[in-house]
Each structure stands twice: as C-alpha cells, then as structure tokens.
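Each remark here refers to the structure printed beneath this line.
Order of writing sets the chain letters: A, B and C. Residues in each chain are counted from 1.
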Amino acid sequence: MTTISAAEPSRRDFLYIATAAVGAVGAAATLAPLIGQMSPDASTIAAGAPVEVDLSPLAEGQIVQAFWRSQPIFIFHRTKQDIARAQAADWRTLRDPAPDSARVKAGHEQWLVVVGICTHLGCIPLPHQGNFDGWFCPCHGSQYDSAGRIRQGPAPLNLPLPPYQFVSDTKIRIGETAPANA
Amino acid sequence: MNAHRSIALAATLAASLSVAAMHAASAQEAEAPSREHWSFHGPFGTYDTGQLQRGFKVYREACSTCHGLKLLAFRNLSDPGGPSFTEPQAVTIASGFQVTDGPNDKGEMFQRPGKIADRFPPPFPNDQAARAALGGGLPPDMSVLAKARGYEAGFPWFIFDAFTQYQEDGPDYIHAILVGYEDPPAGVTLPPGAQYNKFFPGHAIAMPKPLSDGQVEYTDGTPATVDQYGKDVAAFLMWAAEPKLDERKRLGFQVFVFLIVLTGLLYFTKKRVWHDVKHDPELIESRPPPEYPKS
Amino acid sequence: MSANSIYKPQNPVMQWMERRLPIASLIHSSFVVYPTPRNLNYWWTFGGILSFMLGAQIVTGIVLAMHYTPHVDLAFNSIESIMRDVNYGWLLRYLHANGASFFFVAGYAHIIRGMYYGSYKDPREVLWILGVILFLLMIVTGFMGYVLPWGQMSFWAATVITNLFSAIPGVGDPIVTWLWGGYAVGNPTLNRFYSLHYLLPFVIAGVVVLHVWALHMVGQNNPTGVEPKTEKDSVAFTPYATAKDAFFIGVFCLFLAWFVFYIPNYLGHSDNYIPANPGQTPTHIVPEWYYLPFYAILRAIPSKLLGVIALLSSIVLLAFLPWLDTSRVRSANYRPLYRQFLIVFFLVVIGLGYLGSQPPEGGYVIAARILTAYYFVFLLIILPLLGLFETTKPLPNSISESVLREGVPVGASAPPPSGARG
C-alpha cells in the first residue's frame, strides 16, 4: 500500500471523525429503546393507579392489608391506648426518629397507613405481635411499634409511609397525595 | 444460438405465468374494495383526531353491543396519537361500561362501572354465549381487525404498493363491507340468516346491515351518511389496531434522515479509504502502452 | 502482506493479555491485516451484512423474549401487549419480524454471489457446505419463530410443515406425534418451538465461526475467479473491506427502515392477526415470502412423499454444487453459456416464488411443474454437461491485470489454466 500524502490530513481526518461521531450517536440512539423496554410498561403503570379503601368495616384495634403497586399496605385502626403509647415514646432516641404526629394525618390519628414490607430484607411483618403493640418480623426478629416505627431488631428504618389521602372520614385513596381531580 | 436458447427459455417462463394469471382472474370472488383517501396514509400521514372521535362514537353506538375491543384499555382513549380524549372524558367513557370484578368477600364475581385502567369488557362472556344470542354467528373482536383483514391487489399492484406505502387494505376493506350491503342480484340465493354484501368473500355475510344514514349524530357538522360512518369507524379501528402509527412514522422520518447522513458519510469514507488503491501508482506504472488498431 | 502483519502490543496490559488469551492478535490477523482481493464488488458485502443481521435478530429477539409468553392462551395477547404497552415494543417487534425477512434477502444475495462467481468450487467446498447448513438452520429458525405469535398462519403453517414428516413411510406418524408432543399442534408444540427458536440462532453463530474459519483457510473468491498471486492483488481487510461493508450495511439499513417504519406489515399476512383457531383453516395457507419457491416445488409434485423429497432435495442438492458443476472456470463472467442458464435459474426461482403464493389451481400448477423441472434439470443435467462442453472466455492472468485491463490479457491466445490452486 502506498502511504497517504501528508498534504491533506485535516480533510481526511474530519471525514473520519465526522463518520465516527455520527456512528456513535446512532449506536447510542439504538441502545435507548433496548434499555428503555425494560422499564415498567404502560399497563404496569396503569395498574399502579391509586386504590381506594373503605375504612368503615374496620373495628378498633383491627389491622387489614390492602395492595397498592403490588405492595402490601397495612391499615391499622388504632385504639386510644395504641395512640397514647405511640405518642408517649421518646421518639428522639429511636433508630429512625419520628414523632407519632409525623406518622399519621392530622385529625385522623386513629388511622395508621404504612407499607407492610420490613425495611431489613423485605419480609411482611406479622401484626399484633412483638413487644411494642405493633408488628413482629419473623425473618430476622425486627419489631415495630403502633406507629410502625422500628424499635428492636436489625431493620434500619421505620415502615415506609405510602402517599395517601382521606377522600372522606371513612375512605382513603392510597397512591395520591394531592386532592383528586373531578 | 445462445441468445435464441435463452429467449426461448424466458418465453416459456412468461407463457407459464400469463396462463396462470389469466386463470386466476376468473377465480376472483368478491370485488376489490375501492381505495379511499386516509389521513394516516404515507410517510407523513397521521390520524385525524376528529375522525377517530367520530369513529369511536360509531363504534360505541352501532358496534359495541356485539363486537369487543378487549386489547384496548380506556386509558388508551386519552393517549397521544389517538382520539385524544381528555382524561376526564376517558374516565366518563369508562364508567359507561360495566366491568366484571371480584371475587368479593362472599366469593362472588360482580359488575362495576369501568375505571380508566380497565380494558374494554367483552360484550359476551364467551364465544358460545355470542353464538347463542346471535343465531350462530360469532362477531370477531375488533382490536386488530384492521390488520387482520385485507385483499389481494394482485400483480403488479403489490409491487407499486411497496413504493407508495399502501398499508390501508384493512380500513379499505372494512369501509367497503359497511357500504357494500345491497339486494342480491337475480338468481342468487343466500343461506338462511345471511345478507348479500358486494365486497364480502362469497357475498353471504352473517352480520346484518349495521349502519343507516343519520343513525349516529355528529356534532361537528360532518355528514351523517353510511359512507362517512364507514370511513370514520374504519379509521378508528385502524387506530385501535395500530395506536403507535403516528409515533412510528415520526420516528421513521428521524431515522431516515439520520441513516441518509450516516450512509453518505460512510460512502465518502469508503471513497477516501480506497482512493489510493484505485489510483495505485505501482499499478499505473506497470500498465503497458495502449494497443493501436491493426490497419 | 505488509510489515505490520503480526500484532505486537506496546501497551503492557495488552502484552499481559496476549500471553494468556491472544484474542487481540486473532482479531488483528483475521479482520485487520487479513489479505482481501482488491477487486471485490458489492456482492461481497453480504457476508458482513448477514453477520450484522444475525446480531440484530439476536438482540431484538432477546429483548422481545423478556415480554413474550409461550402459552397458547397468552401468546397472541402478549405480543399485542408488546406492541401497545412495552416501551418501544412496537419498534422491537417490527425490527425482529422485518429483520427476519431482510436476513433472508441478504442470505439469498450471498447465495447468488456464490453461484454466479463459482465460490463453491475447489478449495471452497466445505465453506459452501457450511453455508448450506446455515441456510437450513435459518429456514428452521424462521419457521419456528413464525409460529410463536400463534396467529392463524402460525398455527396452520406449523400443522402443514410438521405433517410433512408423516410422508416418511412407517415411522412418519409416530415422528409427527413426537414433534407435536400431542395429537395435534398445541401448547407443547408452542413451548418447544420457543425453546428451540431461542437456541438455534446461537447454533447459527457457532456454524458462522466455522464458516469464517473455513473461509480464512482458503481466502475470498473474487469476480475473476483467479486466485491472488502477488501482494498487488490484495489489500488489508481493514480499512478497505471494512469501509465498503460499513457503507453497504448503511444502505441495507435504509431499506430495512423503509419497511420497519412505513410498511411494517407488507411482507406479512393479514391472517396472522387472527388468533389461532384449530377448528378453522384459512382459505389460502401461505408461508412467508422467503419459503415460497420451495413451497411451490413441494406442491408441484402430485405425490406426497415425492413432494417432500423434492422439497428437501431442492436445498440439499445445493450442497453438491461443487461436484455437480464440472467446469474448471469459476466465474460466470467467463462462462457465457452458464451465465445465461444461471440467470434463467434465478428467474425460475422468482417465478416459483410467485407461484407459491397463488392457489394450486389450473394454470398455476402447470407452470409450477415446468419451473420445478427446470430447477432440477439445471442442477442435475445442465451443470454437469456445461462444464464438459462449454467454451469459456479467456481468464486474466491475475487480479491486478484484470483491474487494469478489464479481464483480457494482452496477446493471449489459448485460455490460461483455470483458477484451481496448485
């Protein structure tokens, strides 16, 4: 092969660089749908729409489990003693400090709505068990109180609060914080 | 002699094919549908939102009692590139349908108004119920009907169609069926329960004429004729079958521009890479002097 | 070959790697400095295009497999869910379906090149046979893939093609039952087709490695059929062949994009958008376009067993091309009679393709029989005889000479010896 003369390196190089750059853009653009197709699809997102739960059948002290976005949600109709004990705890010394008022909605303190997944490794804790009037996780022994806060065991955080709001005194919509549109 | 032999072979080939083609023409059953103008035809075609909304109205009022749309969800009605109803409108449409849900705490299935995430409920619980209710006929679900129907355009149309991007044989067929009801010609007897349709293969269609002029009210001033209903509902069904058409053609244009640019650059790159080989001084030097013609 | 034909890494990391697994030097010798004839035309780019398409089909197939459900009640709807709900699902599906068609377009172009330029001749017989094996694997893979959407054509194509095996005397019916996993095409059939459709492309990739290895042992053929003799006849694979391949892959992608974005259902059949109904056969069962010539041959023969044998032998006979063709001249550019018969052969195959799409009635049947006869007469009678009796044009002395002189050496009288290697 003959060597290419040094007289026109800039024009040749520009062409090769431009081609490589456009090719790289094409490769990246091709990658985008291949990666994006693994994100939740439209029907999954639609199935994750807010869910309404009627609270009237729950007696005082009763805990029920609903599902939202395939996650279990605990709904706890707390008795006055449950509320008192939760408020009396010295929340600043807890592993994940939170006052009881931050765990419920103002004016609806008897209703605790938390995601029922142990923040340790993901098991569903058992209700009305443990030493703190809340939940006991059988997998590794974490214990939550009547405000869903971690009190004992390996879990690092309180049971998470899902977005929810009261559409009436006896009905909540889980999955929405802003007021619903007409 | 070589040329004659190849001509003879080519002629045999052409003769065989033309004999075959003539025979095929006589075996045609139904007439081919007319090719309508569709707003979504061609590289820059898009759905006409107004037409899709009218088409949905026709579907809702004239077709939905028998024909399902089970692969569509109510939320699709407010997706971009479709009828583009607002979300509240889609919620209202959804609540107009009864959807089976359950089991409830008593273990029973129950009916409730549709929500936006629900799919269109089937008009009959199963095929046997449909046949029992309709005297034996089974109305097909229409979710992909516009892609499941078509007609053979024959040679040479199928070659031109690849260049003109004709993909609307389904909507053309559906429109033709809806306007194709007429009295059977003299001497033609139909099986019991069937009606005569000019464009249906075999001409005996089990579906009774579904549309008449003025049956569905159009509030935007479009003429309320069977022909218009046919076009609007066919366009709606094309959207139901291919909701991503607008996005596909738009992305296609971008991809085409990109590929033309990239291929052009690759062409010039190839030319530049090969330049020295094609003008190889060693080869040029070893080229013998040109031959002079013998006198 | 120039002085830098042996890869000597300067980078210490690469030196470390080279001693343990010399991939870099393998790529360097096979795809960078590898000597390629300088006169290859664009018909030689289809090998690279086929590799590109194999990669594209595997990638799109794997991501589609993340969303597809191989069950008779769910398959059709899972693909509709891909089309409607999965992000860019419609694009992936149309790329995969049209990509299969374009895989065959490139495959047929590659075969045409091989037949026209005599690329199957000594010493490339094994290369060619591996190619026939790849073609068969492609056919089986494509067939099983088409069954997966579980539309009317999917189901009935599966029924018709698996029923071919019942033509085998004696063991035919038990074989078909074994293939089906039941008394008819059903869920077990769908599941195993899915498993094998996922597997076979990787088998294809393995055979492609053998194919390229066999190629590199003997080197590329070229349009003159005369082997490279000196350094002047060849250029390095990179950047010369690479640049040419890359450009034509771009052109190829433009054609593919035309189909994927604007006429994505043109090559398919509308009946496959009807969910499979085991109780109702479509009026006209038609395979995808790339199988049509062989389908026509199958239907042209009135006997069931002979039809199946004709179908299989129409492909398997191709493997014997190196021995059926007795000519010692490779390229059809220098074989005027062969060239004409071969062009008619290609037209016959196109004609058979058209006939395969039509109902097997009347004039179509007669035409199919005539064209099928030519197909086999060409391979079994014309090819062997041509080699013995054809007068070929004189070959150039070398590739360089042909590049200069367009194929006619100065002062040549008798044809020089053909391109068989000493």
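Criterion: a residue touches a chain if its C-beta (ideal position, glycine included) is under 8 Å from a C-beta of that chain, and two chains touch if they have at least 3 such contacts.
Small disclaimer: the values here were computed from a predicted structure and weren't measured.
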Furthest chain, CA centroid comparison against chain B: A
Winner on C-beta contact pairs when B-C is weighed against A-B: B-C
For chain A paired with chain C, centre-to-centre distance based on mean C-alpha positions, whole Å: 51
Rounded Å distance, chain B centre to chain C centre (Cα mean): 30
Whole-Å gap separating chain A and chain B, where each centre is the average of the chain's CA atoms: 43
Interface hub residues of chain C, defined as touching at least two other chains: 84, 91, 235
Multi-partner residues of chain A (at least 2 other chains): 1, 42-43
For chain B, residues contacting two or more additional chains: 259, 262, 266, 269, 277, 280, 282
Contacting residues of chain B [partner chain A, same complex]: 73, 75, 87-88, 115-117, 258-259, 261-262, 265-266, 268-269, 272, 276-277, 280-282
Touch list for chain A against partner chain B, complex: 1-2, 4, 12, 15-16, 18-19, 22-23, 25-26, 29, 42-43, 46-47, 49, 181-182
Chain A contact footprint on chain C (complex, rising order): 2, 59, 63, 66-67, 81, 84-89, 91-92, 235-236
Complex contact set, residues of chain B against chain C: 2, 5-6, 9-10, 12-13, 16-17, 19-24, 27, 43, 71, 76, 140, 143-144, 147-150, 155, 161-162, 165-167, 169-170, 201, 241, 243-244, 247-249, 251-253, 255-256, 259-260, 262-263, 266-267, 269-270, 273-274, 277, 280, 282-283, 286-288, 291
Contacting residues of chain C [partner chain B, same complex]: 38, 77, 80, 83-84, 90-91, 94, 232, 235, 239-240, 243-244, 246-247, 250-251, 253-254, 257-258, 260-266, 270-271, 273-274, 283, 336-337, 340-341, 343-344, 347-348, 351, 354-355, 358-359, 361-364, 366-367, 370-371, 374, 400, 403-404, 410
